[in-house]
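The letters A, B, C, D, E and F name the chains in turn, as written, and every chain counts its residues from 1.
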Amino acid sequence: MTFTVTVRDHIMIAHSFTGEMFGPAQRLHGATFVVDASFRASELDSDGVVVDIGLASEVLAEITGALTYRNLDDEPEFAGVNTTTERLCQVIADRLAERVADGRLGASAARLSSIEVTLHESHIAWASYEREV
Amino acid sequence: MTFTVTVRDHIMIAHSFTGEMFGPAQRLHGATFVVDASFRASELDSDGVVVDIGLASEVLAEITGALTYRNLDDEPEFAGVNTTTERLCQVIADRLAERVADGRLGASAARLSSIEVTLHESHIAWASYEREV
Amino acid sequence: MTFTVTVRDHIMIAHSFTGEMFGPAQRLHGATFVVDASFRASELDSDGVVVDIGLASEVLAEITGALTYRNLDDEPEFAGVNTTTERLCQVIADRLAERVADGRLGASAARLSSIEVTLHESHIAWASYEREV
Amino acid sequence: MTFTVTVRDHIMIAHSFTGEMFGPAQRLHGATFVVDASFRASELDSDGVVVDIGLASEVLAEITGALTYRNLDDEPEFAGVNTTTERLCQVIADRLAERVADGRLGASAARLSSIEVTLHESHIAWASYEREV
Amino acid sequence: MTFTVTVRDHIMIAHSFTGEMFGPAQRLHGATFVVDASFRASELDSDGVVVDIGLASEVLAEITGALTYRNLDDEPEFAGVNTTTERLCQVIADRLAERVADGRLGASAARLSSIEVTLHESHIAWASYEREV
Amino acid sequence: MTFTVTVRDHIMIAHSFTGEMFGPAQRLHGATFVVDASFRASELDSDGVVVDIGLASEVLAEITGALTYRNLDDEPEFAGVNTTTERLCQVIADRLAERVADGRLGASAARLSSIEVTLHESHIAWASYEREV
C-alpha cells in the first residue's frame, strides 16, 4: 500500500551539453522544465495526509527558485557536469530529501518512504528520478 | 512484467478540513477531482485484456456517482475524517477492490494484482493510492 | 493582427445551483476551476510585451485569492445568482478589466483591446467569457 | 464559417531580456516553447483540407529548426530586440506567411485567410499572434 | 461580449483518404478524435448559462454515437468524400446546429450565435470548424 | 534509485476485436495511440543520461512507422490476435527490447533495467506494459 502526493512547479534555464551524442544540444540553448515532485508513504498521518502539501509546495519553490532564470553552465555546483534532464531530476530529488531529513517538511515527513521528481522538457520528452528517503 | 489499464472519470464535491495545517482549506470549499483508476495484472486474459474496460468504466462510474455533487462533510461515512485527496484515493480504490472481489468486474478480474487510484485536484497537485487486490 | 498573452491560476470553491435543469448540481457540491486569463492587444509595447506578465499574474492571484476556499452560496456578492462556470468567467474578467482601468496592470495595459477568461471545471467541460476593455 | 488546422512542434532556446520589468528574466535563462501553428480558411479545397498538413508540418519544422538549440541573444536578426514569447509568435507567424506567399505550402494555401501561432512557455503561461495572409 | 461553453467527447473510427497528397494515409487506417463542441452566445439566459450543459452533452453523445466504432469508408453519407479531420468537424457542427434549430437543446439555445467543433487527432495535430447558428 | 527517460510518438491504425465483451468495438474502427516509451536504469552513464534520447526517438519512430497508417486486421503478425491497447503496448515494448539487445540504442543501453510502453487511446483511457530488458 502506497500513498503518493505530487506538486508541480517549473524552471526556465539555459545550458549546453558536452559530448558528441548531444548533437545541436552542444550549443548553448535552454529549456522550461515543468517539475513534478512526488512524496510517498505507506500510511497517512493523523491529519489524513502524506505530507503537508503547503510546506511541500513551499520547499519545492525554494529549490526551483535557486535554479530558475540562470545559465547552469555558469553555476559552480554544475562545473564539469552535463545538466541533463535526468541529472536535474536527481539534483532536485536530493535537495528535497535533505529538507525532509532536516525537518523542513514537518514531523510527518519522517514517515516518507521515497521521493520521485519528474521534469518535462517538452510535450514529447520527460525524465524522472526516484530515491528512498 | 506488468500490464496496466486506466480509465478516467471525475467528481465535483464540497468539503472542509479539520486541522491548523490546512489553513484556508479549513473553510467549506470544493474540488473537481479527475479520477484515474488503474488495474494491473501480470498477464492478459484470453481476449487479450487486463480487465473488461467497459465494465471497469461502469463500475468506476457507480462509485464516482455515489460521491459526486455532494458535501462530503454531511456524509455519515466520512464523519470525523478529513476527506483529503489521498484519503479519497483510498476510498475509491477500496471500493473498486470490493467490486473485484464480488465478481462485478468479471471473472478475468480475479487475475488482477493491484489497483491504483489517482485524483487530480488541480493542474498543480494530485495524489494516488495503490493497493493489492 | 492580434497578440494574446495568457496566465493560469486556479480556485477551489463550494456552491449550489437553483433551477431544475441543474439536476444533482442543485445540491451543495464544489469545483476546482483552472482559470486562464488572456490579455489581447494589436501591438506590443516598447519592451516587446502585451502586458507585464508578472503584474498580470499578481493581479489574477489577487482576484482568485478573494474567491478560493469559499462557499460561494455564502458570499453576499453572489446572493440570488447562479455561480455557473460561465458567470464566474464574467466575474473574473470584469475584475481584471477594473484593474486595467485603474492602472494596476501598468501603463502599457491601456493599449489592451480585450480580455478573455476561461474556467476549466473538469477534463470534459469548460467555459469562457470575452469582453472589451 | 472558418476552418482551422493546427500542427505542433517545439524549440529549446536561451535568451535574456532588457528592461527592469523583466526582473530575474534579465539574466541569461532559457525556455522550451511548444509551438502551435494554426492555418485558417473559409472553405476546404477539393481534397477536403485547409492545407496539406504534411507540408505544413515540414515548413513549421524548417522554421523551428532555424531557431532551436540556439542562444537568441547571439542571433543577428534579434539584435536589440526582446525575444519575448509574444514577439517569437510573430516571428514564426511571419515566416509561415512568407512560405504561403512563395507557394511552399502548395497551391491550396493561396486560399488561407489567416495564420495564428501560439507558444507555450510553461504549464501556466502562453502567448499567441494572429495575422492575415 | 461572448460567452462560450465547451463539452468534450470522442470517437474511434477507421477510414482512408483519396489523393496523392495524403501519402500513407491513403491506406485504411484509423483515428481517435477527441471532440470539443463549443456553444457561443452574447448573453446568459435567466439560469445563468449559455446552454443546458446536460442537454449539450447528451446531444453531442448522440452525434458521436452515430459515428464511432465505424469504418467511415463504408458509410453511405460519406461516399466520395474525404473524411478529413476538418470535414468531420463540419459534419458534427452542422448536426449540432440542426439540433439547435429543432429545439433539441432547449429554448435557451435559440439565443446561440455560433458553434465551433474541434477534433484532436493526435497530440500534435487538430482541426476545427466554426459556423453561425 | 531509478532514472527514467520517456519519449512520445503516435500511430493511427484501423482494427476490430473478436469477442462479445468488445460490443461495438467488434466492428472495424480505428484509434490514434499516443505512444510513450520509457527507459529505466539505476545509474546514469558517463554522459549523464539513461539512454541516448536521439537514438531512442529514432528507434521508437522506426517501430511506430511499421505500425501506423495500417489496418492491423490485415497484418499477418497479428492474425488471430486481438490488438487491444494493452497487447500493442507489449508488442512495442518487446520490439524496443530487441533493439536494446542488438545494440541499436548504443552501448549505454546495456545498463537499462526495464522498458515501459504506454498507449493513450483517448482522453479517458490508456494502458501500459512494463518488462525487464
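Definition applied: a contact is a pair of C-beta atoms (placed from the backbone, for glycine too) under 8 Å apart; a residue touches a chain by one contact, two chains touch by 3 or more.
Quantities reported herein were computed from a predicted structural model and do not represent experimental measurements.
Trainee: Counting one step per pair of touching chains, how few steps separate subunit B from subunit E?
Mentor: So the least number of steps between the two chains is 2.
Trainee: Hop across touching chains from subunit B and tell me the fewest hops that reach subunit F.
Mentor: 1
Trainee: Looking at subunit D with subunit E, do both copies bring the same residues to the contact (over half shared) or different ones?
Mentor: different
Trainee: If you tally contacting C-beta pairs, which comes out ahead, A-B or A-D? Let me know.
Mentor: By the number of C-beta pairs in contact, the winner is A-D.
Trainee: If you average the CA atoms of subunit A and of subunit F, how many Å lie between those two points?
Mentor: The answer is 27 Å.
Trainee: Just the number, please: Cα centre separation of subunit B and subunit C in whole Å.
Mentor: So the centre of subunit B lies 30 Å away from the centre of subunit C.
Trainee: With chain centres defined as C-alpha means, what is the inter-centre distance between subunit A and subunit E in Å?
Mentor: It comes to 41 Å between the two C-alpha centres.
Trainee: Of all the residues in subunit A, which ones touch at least 2 other chains?
Mentor: 8, 123-124
Trainee: Flag every residue of subunit E that touches subunit F in the complex, lowest number first.
Mentor: For subunit E paired with subunit F, touching residues are 8, 10, 12-15, 24-25, 27-34, 68-71, 74, 121-124.
Trainee: Show which residues of subunit F lie in contact with subunit A when the two form their complex.
Mentor: Going by the criterion above, the answer is residues 1-9, 44, 47-50, 52-54, 57, 106.
Trainee: Which of the residues in subunit C come into contact with subunit E in the complex?
Mentor: 17, 19, 21-23, 81-87, 89-90, 123-132
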